[in-house]
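Please see the structure below; I have some questions.
Note that the chains are named A, B, C, D, E and F in the order they appear, and that numbering of residues resets to 1 at the start of each chain.
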Amino acid sequence: MPYVNIRITREGATAEQKRELIAGVTDLLQRTLGKNPATTVVTIDEVELENWGIGGLPVLDYRAQATGKAKP
Amino acid sequence: MPYVNIRITREGATAEQKRELIAGVTDLLQRTLGKNPATTVVTIDEVELENWGIGGLPVLDYRAQATGKAKP
Amino acid sequence: MPYVNIRITREGATAEQKRELIAGVTDLLQRTLGKNPATTVVTIDEVELENWGIGGLPVLDYRAQATGKAKP
Amino acid sequence: MPYVNIRITREGATAEQKRELIAGVTDLLQRTLGKNPATTVVTIDEVELENWGIGGLPVLDYRAQATGKAKP
Amino acid sequence: MPYVNIRITREGATAEQKRELIAGVTDLLQRTLGKNPATTVVTIDEVELENWGIGGLPVLDYRAQATGKAKP
Amino acid sequence: MPYVNIRITREGATAEQKRELIAGVTDLLQRTLGKNPATTVVTIDEVELENWGIGGLPVLDYRAQATGKAKP
């Protein structure tokens, strides 16, 4: 019966990748806490880049500043 | 002053249906807990089908598997 | 398969009142959008008064200021 | 490490305004609680007007009813 | 930079199990979408049983009704 | 009419600090987007340290590993 909400920036996640996230999280909850997949709900929110901030900056500005380092 | 968030799959809910949800939830909170409608906030999130998972599958796959049973 | 999150201030809502909220919201979603109760998840978050703000004030300050008017 | 979610109605907030919200909230958390901007995440959700309810009505109906008063 | 919120009923999940959930979800996001663990935030909400509803009932009533079937 | 949810680790934030967060966010939304404080709702969730993960670790482990660097 768990409810999992995954929030990521909207950057072209494919249907297949979302399928993997849904399956992976559901499996993780079953293995770790014995939760029943039949009532495990997973939702994925894809948030526009200009609507996501880190380090006090919108993501694109943050990345421009941090060019070269690991993709946040 | 309650805040209610209703998350449903994006499957063509009409403006009228959303109006009913907003009115119904606000009325329920007033009847049940005496909450003031004037500061009761209701938001409805419509989530793309491929972004909603149940039973470890994206909804469309889940329904294909469960064809014939009750619409989840 | 809807997921509904109801956030209220922690002010002594009883188990029976929560039962009513859960039943009422589930029924509303079934009547309005034909959603299947079996996979409708409702969660209720009770938030401490000092953790809830409206009008730029914590609730208790807001109510003290608005004494006499409708309970928000 | 705070996570802040700002939900507003979708009414044309500009990239610059969102930049201000992200910077302002991150700065507020640093000043008030000493939180590290580098791991402060802010997301902004813009919700369609017909998906946002207050006073038991969708926003546009609420505003029509309250014409002339302050923009909610 | 993903933000993941896992909501489960409060039923004694141990610190070790939560550690597994945090590591598992972070790893899943890195493998699936190449997300950077350093800015992947995971929060776990443990919700009281009487505050969680499914099938129109609080969990304990739901389970009593469904005694014998798979633990939701 | 905005709804803002601030999630922080439970580490002794005082009533006064929460008052500052509520006032600060409400003021920011009014200055930036002209939002009406009277219907701006702010909630603060304080999450147990073992329920908050970053870098694939619960916060306390993360901090132990990162001893000496800036407080996340």
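We take it that a contact is a pair of C-beta atoms (placed from the backbone, for glycine too) under 8 Å apart; a residue touches a chain by one contact, two chains touch by 3 or more.
Keep in mind it's a predicted model, so treat the numbers as computed, not measured.
Asker: Touching chain C and chain F alike: which chains?
Answerer: Expected: B, E.
Asker: Report which of A-C and A-D is connected by more C-beta pairs in contact.
Answerer: Result of the comparison of A-C and A-D: A-D.
Asker: Quick check on chain B against chain C: do more than half of the interface residue numbers occur in both copies, making it same, or fewer, making it different?
Answerer: Same; most numbers are used by both chain B and chain C.
Asker: Between chain A and chain F, what's the gap in Å when you average each chain's C-alpha atoms?
Answerer: Measuring from centre to centre gives 20 Å for this pair.
Asker: Counting in whole Å, what is the centre-to-centre distance of chain D and chain E, each centre being its mean C-alpha position?
Answerer: The mean C-alpha positions of chain D and chain E differ by 27 Å.
Asker: Chain F: which residues touch two or more other chains?
Answerer: Within chain F, the residues that touch at least two other chains are 1, 3, 7, 21, 25, 38-39, 41, 43, 52, 54.
Asker: Using the contact definition from the top, classify how the chains connect: line, ring, star, complete or other.
Answerer: other
Asker: Provide the full list of chain pairs in touch.
Answerer: A-B, A-C, A-D, A-E, B-C, B-D, B-F, C-E, C-F, D-E, D-F, E-F
Asker: Report the residues of chain F in contact with chain B in the complex, numbered from low to high.
Answerer: 1, 3, 39, 41, 43
Asker: Within their complex, state which residues of chain F touch chain C.
Answerer: Spelled out, the residues of chain F in touch with chain C are 15, 18-19, 21-23, 25-27, 37-46.
Asker: Can you name the residues of chain D that touch chain F in the complex?
Answerer: So the residues of chain D touching chain F come out as 1-9, 13, 17, 20-21, 24-25, 28-29, 32-36, 38-39, 52, 54, 59, 70-72.
Asker: Spell out the residues on chain D that touch chain B in their complex, using ranges where they run on.
Answerer: 7, 47, 50-58, 61
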